[in-house]
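Order of writing sets the labels: A, B, C and D. Residues in every chain begin at 1.
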Amino acid sequence: MEQRKSASADDLTTLFSDVRGLSEALAAPLSDADATVQSMDDASPAKWHLAHTTWFFETFILRDHVPGYRLHDPRFPFLFNSYYEAEGRRHARGRRGMVTRPTLAEVLDYRAAVNAAVVAALPTLADDVRDLVTLGCHHEQQHQELLITDILHLFSENPLEPAIWPAAPKVPVAMPAAIGWIDQDEQVVEIGHDGRGFAFDCEGPRHRSLLAPHAIADRTVTNGEWQQFIAEGGYREPRWWLSDGWAWVQRERIEAPLYWEQRDGVWTRFGLDGRRPVDPAAPVTHVSFYEADAYASWAGARLPTEAEWENAAARHDAHGGNQLDAAGPVEPRPAAGGPAFFGDVWEWTGSAYRPYPGFAPADGAVGEYNGKFMNGQFVLRGGSCATPRGHARACYRNFFYPHQRWQFTGVRLAQDR
Amino acid sequence: MEQRKSASADDLTTLFSDVRGLSEALAAPLSDADATVQSMDDASPAKWHLAHTTWFFETFILRDHVPGYRLHDPRFPFLFNSYYEAEGRRHARGRRGMVTRPTLAEVLDYRAAVNAAVVAALPTLADDVRDLVTLGCHHEQQHQELLITDILHLFSENPLEPAIWPAAPKVPVAMPAAIGWIDQDEQVVEIGHDGRGFAFDCEGPRHRSLLAPHAIADRTVTNGEWQQFIAEGGYREPRWWLSDGWAWVQRERIEAPLYWEQRDGVWTRFGLDGRRPVDPAAPVTHVSFYEADAYASWAGARLPTEAEWENAAARHDAHGGNQLDAAGPVEPRPAAGGPAFFGDVWEWTGSAYRPYPGFAPADGAVGEYNGKFMNGQFVLRGGSCATPRGHARACYRNFFYPHQRWQFTGVRLAQDR
Amino acid sequence: MEQRKSASADDLTTLFSDVRGLSEALAAPLSDADATVQSMDDASPAKWHLAHTTWFFETFILRDHVPGYRLHDPRFPFLFNSYYEAEGRRHARGRRGMVTRPTLAEVLDYRAAVNAAVVAALPTLADDVRDLVTLGCHHEQQHQELLITDILHLFSENPLEPAIWPAAPKVPVAMPAAIGWIDQDEQVVEIGHDGRGFAFDCEGPRHRSLLAPHAIADRTVTNGEWQQFIAEGGYREPRWWLSDGWAWVQRERIEAPLYWEQRDGVWTRFGLDGRRPVDPAAPVTHVSFYEADAYASWAGARLPTEAEWENAAARHDAHGGNQLDAAGPVEPRPAAGGPAFFGDVWEWTGSAYRPYPGFAPADGAVGEYNGKFMNGQFVLRGGSCATPRGHARACYRNFFYPHQRWQFTGVRLAQDR
Amino acid sequence: MEQRKSASADDLTTLFSDVRGLSEALAAPLSDADATVQSMDDASPAKWHLAHTTWFFETFILRDHVPGYRLHDPRFPFLFNSYYEAEGRRHARGRRGMVTRPTLAEVLDYRAAVNAAVVAALPTLADDVRDLVTLGCHHEQQHQELLITDILHLFSENPLEPAIWPAAPKVPVAMPAAIGWIDQDEQVVEIGHDGRGFAFDCEGPRHRSLLAPHAIADRTVTNGEWQQFIAEGGYREPRWWLSDGWAWVQRERIEAPLYWEQRDGVWTRFGLDGRRPVDPAAPVTHVSFYEADAYASWAGARLPTEAEWENAAARHDAHGGNQLDAAGPVEPRPAAGGPAFFGDVWEWTGSAYRPYPGFAPADGAVGEYNGKFMNGQFVLRGGSCATPRGHARACYRNFFYPHQRWQFTGVRLAQDR
């Protein structure tokens, strides 16, 4: 976390209450069972997200900085710590779905108790502790997005294909125009967080980066374009694929984006509103890095580097576009108002997730935050329809393994010039 | 199923209502999440047991024999069929825990609807269909025992180790006397179901069997005796073990019965009443065939054959002993009133589960019942504390793989004479 | 090993030299590499078989009973012990193929040295030690059969499909007549080794066994009959299969016996003479217990019990039929001279491999011999084309897991009467 | 492959003959079995290396460019193609060790025949085909290094721990001085192949790169320093490790570099000369990226980027240092003559293996060369004691997965300034 000036207590109370409230609203349609089951190792139960984010505030704010605070339940830290080795033993990640008790209702009680204690304590906290509250809010926003995508995955495993929310009304939108290319000469640019406002540690330090001459697309790839890739044998032709990607395609019998199925000759996708036809005008999503890279090769292009992306995105409004405002149906939508760099889908870049020059992890348990994940993953940029509005930034670095695709992940192309 | 005379409609209504009611009573303390999660491939969610047993009645009674019956929900057969290949595609066994919807409440509604329809139809059903109702009741009793042991396993995976029922009051009981041996000369005996009353297909035909001279113990092995086995290095000495058993011990790092843990130097076990000290006077339970066989070798004995067991048990009351009468704490208990062959723990025999001479599976989907499991498993006899009273018989053949031990399984010794 | 009278030193020298010589003849066509590679966990390198059988004599005869004997190489016991836990640490079974050194030539030197020492010592050995030499010879004969089947498996993994021996000349033989049934009434028979001559421990004690009324086929199932089973969908119809067998068929995509492939519409099999068309008149081989059991169900029959088999075979010549006489092509052949119970293929019985009444393992390391494998496997009877003539007996109990089929395994049917 | 001017036929004949001769010299001490066995999926049999490099010349030179050439054996391409999807089906990588035939001698015959044909054809080949011969030589040099490291791995799996070569005589060398740091200001440098002489496709295009201010160590980390890391608990302290690295350490129970074992309190390593004590003055080797990164964190440093490394190495002699000159013992040695950037050990960089700006794979089967491996791996620089002298360049990019360590891999530190 790098920031110059801590938020005021009032602003922070508002942020804290808004963020905490949104989590609870997202969980509102879930049954106790919905909130408990873990559908795969990569995902966590909704109840765990609700409790883990609460554990973060209870541990790093209340336990460490509020004299006399007593833990809501001394057995919870073992259950709801995620990966903070310095915080001691924790429950095995793949067994999170075994915890039927505490119930969802008890976890909501836990939230309420911690919420009250944090709000009461906020005016008294020192600046550096308030910064931890801000960190906790952004941390919870990350988990909000995971909660949404994890629930989507769980529901997709149910043969009944239940919907969590009704479908949003469809607004007729023209098919997007052909991709336009934004050309860039060789140049040295500054990227990374500039220290104003909140950012995660991995987003800095701000530093100079040399861009090679290139062009970047003015919009993301659509479902319609992806159907063309499928129709032309994209998933059956090894030459478009990275070697590991091709092995993955063969082993997992991948033939389309996650949640797509052909029914009666029509491509459908499963979403938070159940199974419905694929919208050809909307950005493709739930594709892995392997698929994104193969598509780019097939299209005679490549993925942008994260520096190219950040340079192009810096002049766009990070709070605009199709992002998460409230509990309710979320999905990538056809672009109504022209090109955007934020919202709809996280965009795979060609950059491996590695430290910036001068990066050093913060000290203490919070310092485990991001640095230790810096191998084997690729950077994604831009935020998605499931990213809480206000969470994304031009310098924001999201990261996943190249085979993962249960997030709202999509593709923007680039080319050497 | 082999039986001479079908039950009367009245008797059958009573049996049906009692059995169905007990399942619901067993589920009463469960939350929606408790009833939904699957803790391992061998286990099923409680909700699935409740629904699958209902599907059995709905399919083989209502759908097949009640004109005009409409399925409660046409999507349920796919979810709640277990292994009846002839009944079509079904949900993958290992993914049963993904079905958060229908909820527990909806499954209880399903039960109520099918219960009403079956009770209404009962007086009109032909004898052979009534026999299917009887089969369905015994089938449900099997699932009641599984529901109990599956829930125990699930709760054991929760680091909080919750109890489903309070502990039963402890009645002081003297340590059991040394094992007494019941000697038997060589003889030809008849074993297997004699056709009176209900039995599963694998229990017949009744046939003659030649017993070698032997002795069989008058009680099962106790926890105290098992602690001696552990203390003398039983789990660390390959010569007591079958080769596959020794590989299992090494691979799984087995050091004691399932659910046992040493805490502060004291052996404890996890049970339906939480974690408590092991009672040395009670029968040992949650041991695999491998462990039972190793113990017998260590003790200079062997496991009885199923024919030896049945011959010895035939003169005992199959409805006596510590069996399941109602929802509430169940666990093996010290024998208060002398030797028993029924209740407390299923007793591993040394007999592989194979067909009796003359065995032939029944026709149709119900015919898939038991014959297809006849390899790789061992027969257990006697019934346990979780077996509904009335379900067990001297000729009853239970069967599990030699490594499995989440059932209430125990050990009775035998010796060649 | 149970026997009344030890072999004379002269007889034993002849047996020992013959057996040892046959192993070396079997290995003669093998290159150093052929003899070193391990093609799967179930198989061992030929070099290992040659060395392990030598280790047996060196350990249990020379080391234990010849004063002043010095080990040929003190590092060999670790490499060439198989599963005798009491003999200390040993090389992991699945890594036997890593041992490129000692070379095949060095192992043959090891054999020559041990051969000379054993032959020199034989006249001086006490009776019980001579019995161990006899045991070692029979042990080596078992490994001769494994050496043949393991090499066949290895060569089948080579895309070039090399032949180890030229094909035997084909003698035109009429298709076998329809199966004839040998009827048997209920009766008490004696089975098991009677103590005259050599036998492995698991073959005794001789004991009485009650046979149910039944009929047993007068010949084994042929390739032609098996092709009919395939053509009628036998491998695609779950109702013929045990549940574990069906899972195996699905998981391993089994569609025919091992080594069978359809080429240009013709069924071929890979054998020690390379790939050739399947002979419809010859006994089917390389089928698993699962396949044997499914075939029997499809044919309206069942597999015989081992007691039924032994009773029927007892009046046949155990040294007759198509068994191994010398190094050279071996494969099941059409029966020229009428029904036989020995040779061609090991016949799966429906009997699980379990101890006979009164069985007790021998003491000491040799006592680990057979008892510890008595779970999960099925008994095979009769000997195959790869069984050294003289090794098989009516009471001989071979055993394998139900999915294994790289041995020369086949099927004889039986029926309840 | 990028190069301006093709080699002359004479120079190429010399290069070709030298390279081909070295492969055969490396194989000289190997038995047929040594050359056949595959010790793990990552490794290949020596025989396969010898044949595959020959297949490359036979396919891309003789078959494609020498009229009338007939394949030495039409079955070999299926066996000895590696990963060229465009060249059709090929033998599964993990089953390469099953191919006991052709024998080593037959493969050497194959080599001799192809050698003669290539040498005869060389004067007649067009420039672009001669470039393919050059490519084939460099390709073979890569496989020479793999042959050495794969044989080392195989021999390490043999409990007898055989040596392939006698140990080199030990020359007493003083312990290296403390690391000196070479400081660099921010600067734009050119890296990548400049088009003069041979290079693999991934080494270009040459391009400008912006270096941040940093310092790079003047020597690699030694065994003595690594022992300190072990002694201070480096392998037991999660905070030094990447998350995936820590999981790897736990899962594989890693406690020291590959081939190290503590015997009687002394650290030893297995090498091509058998097991010997670790030399504290020599560069540490057989460490994974995970270990290299953890060591750097523990040492308060980081790994250099590949651009930093190339910039620093450019002024050093790429043909100097401890590299492979001839068959015989190879291992990292204490630096006698001051700092070197080439030889001894490949040095892990912190750079993910990704394409340079403007990179495009070559067309055709040869174009599959390097681009498709560009995910999940890290770049190594500098060449090792097993790299044929003349093969390495300052711009050379080697790459392996972060857990791999059977190559001669080591560590050079860097720091932000």
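One rule holds for everything that comes next: a residue touches a chain if its C-beta (ideal position, glycine included) is under 8 Å from a C-beta of that chain, and two chains touch if they have at least 3 such contacts.
Everything numeric here is computed off the predicted structure, so don't read it as measured data.
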Both-way neighbours, i.e. chains that touch chain B and touch chain A = none
So which chain is farthest from chain D, going by the mean of the CA atoms in each chain?
-> B
How many Å are there between the centre of chain A and the centre of chain C, using C-alpha atoms for each centre?
-> 59
Determine the centre-to-centre distance between chain A and chain D, using the mean Cα coordinates as centres, and give it in whole Å.
-> 38
Could you tell me the distance, in whole angstrom, between the mean C-alpha positions of chain C and chain D?
-> 46
In chain B, residues with contacts to at least two other chains | none
Complex contact set, residues of chain B against chain C = 83, 85-86, 186, 188, 207-210, 212, 214, 238-239, 241-246, 289-290, 293, 302, 350-352, 354-355, 357-358, 360, 368, 372-376, 378, 402, 416
Mind pulling up the chain C residues that touch chain D in the complex?
-> 31-37, 39, 75, 78-79, 91, 95, 97-104, 154-155, 157-160, 162
